[in-house]
Amino acid sequence: MKIFAPKETAEIETRAALDPAAAKKLVDLGAVVEVESGLGLKSDHDDKDYEAAGARVVSRRDDALREADIVLRVRKPEISDVFKLKEGCIHISFLEPFSEGVLLRSLATQGVTAIALETVPRTTLAQKMDAISSQANLAGYVAVTVAANRLNSIFPMMMTPAGTISPAKVFVLGIGVAGLQAIATAKRLGARVTAFDVRPEALEQAESLGAKALRIDLGDTAGTDEGYARELTRDQLEKQRLEQAKVCAQSDVVITTAKVFGRRPPILITKDVVKSMKRGTVVVDLAAEVGGNVEGVVPGEEVITDEGVRLVGLANYEGMVSKHATQVYASNLANMIEHFWNLEDKRFVVDLEDEIQCGCVITHGGAIVHERFKN
Amino acid sequence: MQEMLINLAYIVASILFIFGIKMLGSADTARKGNLVSAIGMLIAVVVTLFEKGLSYEWIVAGLIVGTAIGAIAAKRVQMTGMPELVALFNGFGGLASLLVGWAEYTKDEGHLTPFTATVVVLAILIGGITFTGSMIAYLKLSGKMGGTPTLFPGQKVFNALVVLAMLGLGGYFIATGTEWALYAVIGLSLALGILGVIPIGGGDMPVVISLLNSFSGLAASAAGFVIFNTVLVVAGCLVGASGLILTVIMCKAMNRTLANVLFGGFGAASGKGGAEVEGEMKAMSVTDAYYVLEAANRVIFVPGYGMAVAQAQHAVKELGEVLEKNGAEVSYAIHPVAGRMPGHMNVLLAEADVPYEQLTEMDDANAIMPAVDVAIVIGANDVVNPAAAEDPSSPIYGMPIINVHEARTVFALKRGQGAGFSGLVNTLFFRENTRMIYGDAKATVNALVGQFKD
Amino acid sequence: MELISLLFTFVLAAFLGFELIQKVPSQLHTPLMSGSNAISGITMVGAIIAAGVADGLFGSILGFLALVLATINVVGGYMVTDRMLGMFKKKGH
Amino acid sequence: MQEMLINLAYIVASILFIFGIKMLGSADTARKGNLVSAIGMLIAVVVTLFEKGLSYEWIVAGLIVGTAIGAIAAKRVQMTGMPELVALFNGFGGLASLLVGWAEYTKDEGHLTPFTATVVVLAILIGGITFTGSMIAYLKLSGKMGGTPTLFPGQKVFNALVVLAMLGLGGYFIATGTEWALYAVIGLSLALGILGVIPIGGGDMPVVISLLNSFSGLAASAAGFVIFNTVLVVAGCLVGASGLILTVIMCKAMNRTLANVLFGGFGAASGKGGAEVEGEMKAMSVTDAYYVLEAANRVIFVPGYGMAVAQAQHAVKELGEVLEKNGAEVSYAIHPVAGRMPGHMNVLLAEADVPYEQLTEMDDANAIMPAVDVAIVIGANDVVNPAAAEDPSSPIYGMPIINVHEARTVFALKRGQGAGFSGLVNTLFFRENTRMIYGDAKATVNALVGQFKD
Amino acid sequence: MELISLLFTFVLAAFLGFELIQKVPSQLHTPLMSGSNAISGITMVGAIIAAGVADGLFGSILGFLALVLATINVVGGYMVTDRMLGMFKKKGH
Amino acid sequence: MKIFAPKETAEIETRAALDPAAAKKLVDLGAVVEVESGLGLKSDHDDKDYEAAGARVVSRRDDALREADIVLRVRKPEISDVFKLKEGCIHISFLEPFSEGVLLRSLATQGVTAIALETVPRTTLAQKMDAISSQANLAGYVAVTVAANRLNSIFPMMMTPAGTISPAKVFVLGIGVAGLQAIATAKRLGARVTAFDVRPEALEQAESLGAKALRIDLGDTAGTDEGYARELTRDQLEKQRLEQAKVCAQSDVVITTAKVFGRRPPILITKDVVKSMKRGTVVVDLAAEVGGNVEGVVPGEEVITDEGVRLVGLANYEGMVSKHATQVYASNLANMIEHFWNLEDKRFVVDLEDEIQCGCVITHGGAIVHERFKN
């Protein structure tokens, strides 16, 4: 099978769908691997590195797209690219399936087997191919280094001859994968970390990293079966906002990561709360790209409010550590291909009965096959 | 007056034995302790020579012959041959006690009090078992006899009958003083020593010798009651008691019970009949776990989410250090999905300053697993669930795991019967070589560290 | 009374024996066993008495044999233990 | 036969005493241990009543009176009055031993063997000292007598003379059996108990009682030799030996030696003469340090560069936790210039996860210092150098320091005589209340932790 | 011999006493002292014999006094110790 | 006495000479404290905060300068400002005395008692007023957060389902105060840190923070009495460069902090070494403002070489955490004033016999009095 990884077209994207290590792994499986020239430039790999790994570096992107049996990308393809794919081609990437109805239909029409990484089941077995996790993890780290860079003060406590510097107070809202890594990183830097999530088990997880969990009694808030959070009622949200506002007002850094599977993320921090924060506070919203948890955040930008609060709404946090983000992303893809690879035929076996594929194959055989997106 | 002095000397000798044993139990003083107890022995022997009414020809001859043989044997023996030599010596000691009892009988023949008769029987009986048992141990250890358990059908019943016969005849002798009964007891005790030890595997011989050593102490003590000699009673009893404790400790270091060592061989003969059973979860105390760890050469930690919950990372690091100081090779096997976020274990272990060199990736850990003496699973569950490798119906079938079940012994530290993230039953905990150490992981690990430092 | 005293002594010695051995590092198991085996050769005292006061040749021979064996146990036992312990270079505890 | 049974019962009683004492030594089993030993006592007493040839009227009367008084006193006493009650009881026990010895003398008057005479004298002498000594302790503890040491010139010499006279007369009695000599010994021993205890301060009374308790055991043991009773000998001796060890342990917990406790009061009378001496550096063993820490209620750590060099932070954190679990209040005093960079100590302690709440700034630490039982200086030097406050010629004069020298006891952990960054001599290490614990800080702290976990 | 046996017993008991007490937590110092003080009331056994077999009134009175005192020591000692220990709520070790 | 803190005039400067806490301390000593309006804006303090602390907020800067008995600044004054000072005025700030001969002479002429913070003796006693240390300390921290922000990968090790991310390799050159804090911060973030200094005792100090010390045998390299490093011979430098080059080539982040008291900092990393580094390596030069340890560094800027190595030569690292930098700087000044304050007269006592003042008073009574700068 021919596997092709084109360069990302989004200007903001620094990651690539393959790094040399993953390319080598696929080559070792018996695949023919092609990468577009310059694929790894933004993640510190040049064409020679890919060649050394056994991949072919090609410049004619359209030809390669047309011939490929498997196309690997980071971001969703442009519709124009979709029409270049051959029938039966397997396309693996993020797809934003909840908002991209047209794209899904095009993929189906084209007869492409499209795999959306967003819907890989969050089971123990599938974790090696779970790019949402692997990227969120890095985003959580970056959120903290960004905050440290923007903050006018330092994170750790220091008792010095020139007085005591008290540790920064960091508040992490939403303790998913990204939130946990943010907690860990902030703790490492010496901050006092408070964390909140609607899922009670997430609070225990925050404590397992040494953070203080903010426990607010909100009644029933169990997550969905897939491990994602459910949307809250209005009353619950109100109570939660109140408690959070108190913590926010005392914090130096606030990091929000709350997403709800398939919907716009909830507003956790309203304008009023932002107003109540201290001058110099840094708010990092990891959900900014999909709508944001913080009122007033501008996706892709940093704004400073009149009260001197900095709202960071970058679009591609994990892209700031593109080398490692590429490494784990590419590894996720390679793991997935390896998992479904038939070593004798040297091919990727599509099997919609399989629990994992059932979760993440969106279109196949000319139709949208995923339960959730059928209509 | 002379008797008084002799007895005072015996007291001194006993005190030296006490110090000797105590000092032998710790590495710094062991050699001196041996010397101290040797001096005690010298005093006891020399003083005995001043007893009234001894005829010296036999004594001198005996001393010379015995000293020569003992010294030469001890000098000549190869380092590797020492354990069997100890077995041999031990057997001689047992036989000596038997002979002392017998000799006393020949002296007082006929007019033994019931008490004396009892202790004569005890000295003979225990001495006899010690003698032949030690001989078998010697043969097995030196390779002059195969190390595999010798088994035959009905062995258990047969041995039980021998024991009963011996006790019956002993009782008969005590009651009636009939001479042949005594000889029968001698014969049966010698037989029992052989019968008792042949079904035990060569690897367990050190434990057997230790137990027989304890016996030979008791035999000496019994001989002491026979001739009403306090130093014999005291020294013999000291050895009997401390030897027994030592035997138990040695068993624990092998993660076995004494009964299992002594009668395990019988099981081998009968076993392998029934279907594959589920097994049961076997709990272990921290102290017992200590004995196993203390003797381990290669230890691997497998941390999981429970370590994070317990915040046990510092304690774990310290246990690692303590084990290393104790001579073990220590590493930490990190499963990629252990914990609740990527790199969860890394964060915690880095916080505790575990050197990067000791962090082992799953595949490398699995490669060395069969050579690992103890795998310590600290609040991990899913990532060590053998179902992932063995049970195609399991939802995690196909996920690579850390194969701790291939280690010699597995300690699983968790609070109770709680399941992991995926909610599955973990058959690891039911395996033959797994021991559960219940409790909060931090408390447990701290307790283990405490066991090492005392 | 004599007998009772002996019993008393026996019981105390037993307790003392138990208390003396607490946690023994595994590399000392064998030397400790060997060293206490040498002590159990105390039966040599009994053997001396048996050999020295026995009446009748048979008794003397029994005593003589007991003495030889016990002496081997004692002399050999202490020497072997010492050799074993000599091997341990102190690990710098 | 009856005698045999009685003696067997005595053996059982002795075993129960042994278990009782052992169980009393650990918090979980202490109460049960007391019960076990009480059962032993009951057996011993009941069995004694079966002795041949006893006339019961005196016995029954004595038992009733004694039981009533003892029970009522034990029930009525306030919780705070317990220690003095124990002193009172202990005195009675001593007096009882004296009386037993005396009574035996009246029985055998004239025809005592030298041995019996010796043990009678011992029973009387030890019993007498125990009695009056305990009474004084009782009076001091209950406040019926001032707690301050009673001192007079020539006290030491006078007491020594009393001891000599007592021993001389005791020897004379043993040699000749002269009656008045015995009475003189009684009188002198009673006097000695008073003389020996009055110079000791009220705060040290618990140690004195413990020592006198050990004595009363020995007195009982001596009484046992007088009447040739084994259970008395064994139980008395057990108490004598274990009481002595306990006394030593109690002294160590106060960071004192026994001699210092017993004869320290004399020093107070003579002292304060010479000029201010430099003092000397006093080393302390880890075990002794353990006893002090075990009894401490408030402990403050003062880390310095040496902690960083030793990378002892994790160990220190653990010691802190162990101390807290033991009931002590623990904090860490951070001097602003400790270490080699600003915040050096913060980095390390944060790495070890010491809670921010326990980190104390210099001024706050100094405010509580006089109430601190033990200040543990871990590889700090300049930042605890009192010269900064006291010696205007010192280059660091004027720098605020952490005033550890105001704590009750200071432990200074360092490798040797090394100076700090500024190269100055530190007089802290020569102070009366400072103890040096030499060695790498990490090893030392780990050893201390080990002492707590056994 | 009797005497020697007693001495033997004495020596062994002394060692056993030393070995029994190892590390005692400080809050147990007083109860342990009190508890072993009660054991030292074993002199009561001697007092019973003294009171029961004394010849002459004087001896009997001495014995009687000894018995009263020893009984106080034993009964009071055990009861006080028990009260003390009852106070320790287990700190949840 | 009247104490005045004017706003900093350098555009790049974000710190201030006084924060409210230090102002309060001086007020409590009995001084009249004036601050220029807007002094604390860049360090998150507004005028109201100073007023609350008891200071007077003034707008007429020149008047205040003219009347002040003590002037507190961060950076050296412009010559024009010097001529506004009254005779006998005490001026405390950094002065760059080694390069600013003209300035020193002006200060002397004007009759100002000028204290240069650069030359405060590095003794245990004087450490509370040692601004070089307090600022270097923060700079060390910032060096790492800047590096983390620029690096294409993450610092900590992570063993994840998508493969193992190995820890970043950080090399710290020069283990002074800044170097130590850089080591500590990088270690905290999970990096493997190697460190080098010519002073052997500094290597031990690096190890006391868990770093690996690079030990190169250079012969005699003892520091000066003041605790600063001495310049190395040519041979020594060569050998050192060679060993360092090896480590540099393997590192992801290189942080240089080596200064030599009163001279241009040594070049530790030549162009060749930079060339040998991996694509994506981040080099942070803390000495950039005074000349730099790294060849090719542009002071105040970040350049990316053709080989993809990023050379960071910012000018005011500590200024990136201006709130804390201001806090400790102001505290240093307040400590110094308090140390020499006569409580009865309520005045700062100039005493050139004093060991500390002897070290840091440069001009007094119309002349340059400091030994070192007399000619």
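Letters A, B, C, D, E and F mark the chains in the order given here, with residues in each chain numbered from 1 onward.
Heads up, the rule we're going with is that a contact is a pair of C-beta atoms (placed from the backbone, for glycine too) under 8 Å apart; a residue touches a chain by one contact, two chains touch by 3 or more.
Since this is a predicted model, take the numbers as computed values, not measurements.
S.K.: From subunit A, what is the lowest number of touch steps before subunit D is reached?
M.R.: 1
S.K.: Going by the touch criterion stated earlier, list every chain that contacts subunit B and also contacts subunit F.
M.R.: A, D
S.K.: Going by the touch criterion stated earlier, list every chain that contacts subunit B and also contacts subunit E.
M.R.: Under the touch definition, subunit B and subunit E have C, D as mutual neighbours.
S.K.: Applying the document's contact definition, name the chain pair with more C-beta pairs in contact, D-F or C-D.
M.R.: Result of the comparison of D-F and C-D: D-F.
S.K.: Suppose you list every residue number at the subunit A-subunit F interface; are over half of them used by both chains (same) or under half (different)?
M.R.: Looking at both copies, the contact residues mostly coincide.
S.K.: Centre to centre, by mean C-alpha position, how many angstrom separate subunit C and subunit E?
M.R.: A distance of 35 Å separates the two centres.
S.K.: Per the centroid of Cα atoms for each chain, what is the distance between subunit A and subunit C, given in Å?
M.R.: Going by mean C-alpha positions, subunit A sits 74 Å from subunit C.
S.K.: Using mean CA coordinates as chain centres, what's the subunit D-subunit E distance in Å?
M.R.: Here the centre of subunit E sits 19 Å away from the centre of subunit D.
S.K.: Counting only residues that touch at least two other chains, what does the list for subunit B look like?
M.R.: Within subunit B, the residues that touch at least two other chains are 14, 18, 230, 234, 311, 336-337, 342-343, 347, 350-351, 353, 451, 454.
S.K.: Which residues belonging to subunit A are in contact with no fewer than two other chains?
M.R.: 127-128, 133-134, 137, 156, 158, 160-163, 165, 188, 190, 210, 328
S.K.: Quick one: which residues in subunit C touch 2 or more of the other chains?
M.R.: 1-2, 5-6, 8-9, 12-13, 15-16, 20
S.K.: Sort out which chains touch which and give me every pair.
M.R.: Touching chain pairs, listed by label, are A-B, A-D, A-F, B-C, B-D, B-E, B-F, C-D, C-E, D-E, D-F.
S.K.: Enumerate the contact residues on subunit E facing subunit C in the complex.
M.R.: Listed in rising order, the residues of subunit E that touch subunit C are 1-2, 5-6, 8-9, 12-13, 15-16, 19-20.
S.K.: Using the touch rule from the top, collect the residues of subunit D that touch subunit E in their complex.
M.R.: 14, 17-18, 20-22, 24-28, 30-31, 33-35, 37-38, 40-41, 44-45, 48-49, 51, 53-56, 58-59, 61-63, 65-67, 69-71, 73-75, 77, 79, 82-83, 85-86, 89-90, 92-93, 95-97, 99-100, 102-104, 106-107, 115, 206, 209-210, 213, 216-217, 219-221, 223-246, 249-250, 253, 290-291, 294-295, 326-327, 451, 454
S.K.: In their shared complex, at which residues does subunit D touch subunit B?
M.R.: 311, 314-315, 317-318, 351-353, 446-447, 449-454
S.K.: Please give the residue numbers of subunit A that touch subunit B in the complex, ascending.
M.R.: 123-125, 127-128, 133-134, 137, 140, 177, 180-181, 184, 188, 204-205, 207-210, 328, 339, 355
S.K.: Applying the document's contact rule, which stretches of subunit A touch subunit F when the two form their complex?
M.R.: 14, 21, 43-44, 46, 127-128, 130-131, 133-134, 137-138, 141-142, 145-146, 148-149, 151-154, 156, 158, 160-163, 165, 185, 188-190, 278-280, 308, 320-324, 327-329, 331-332, 335
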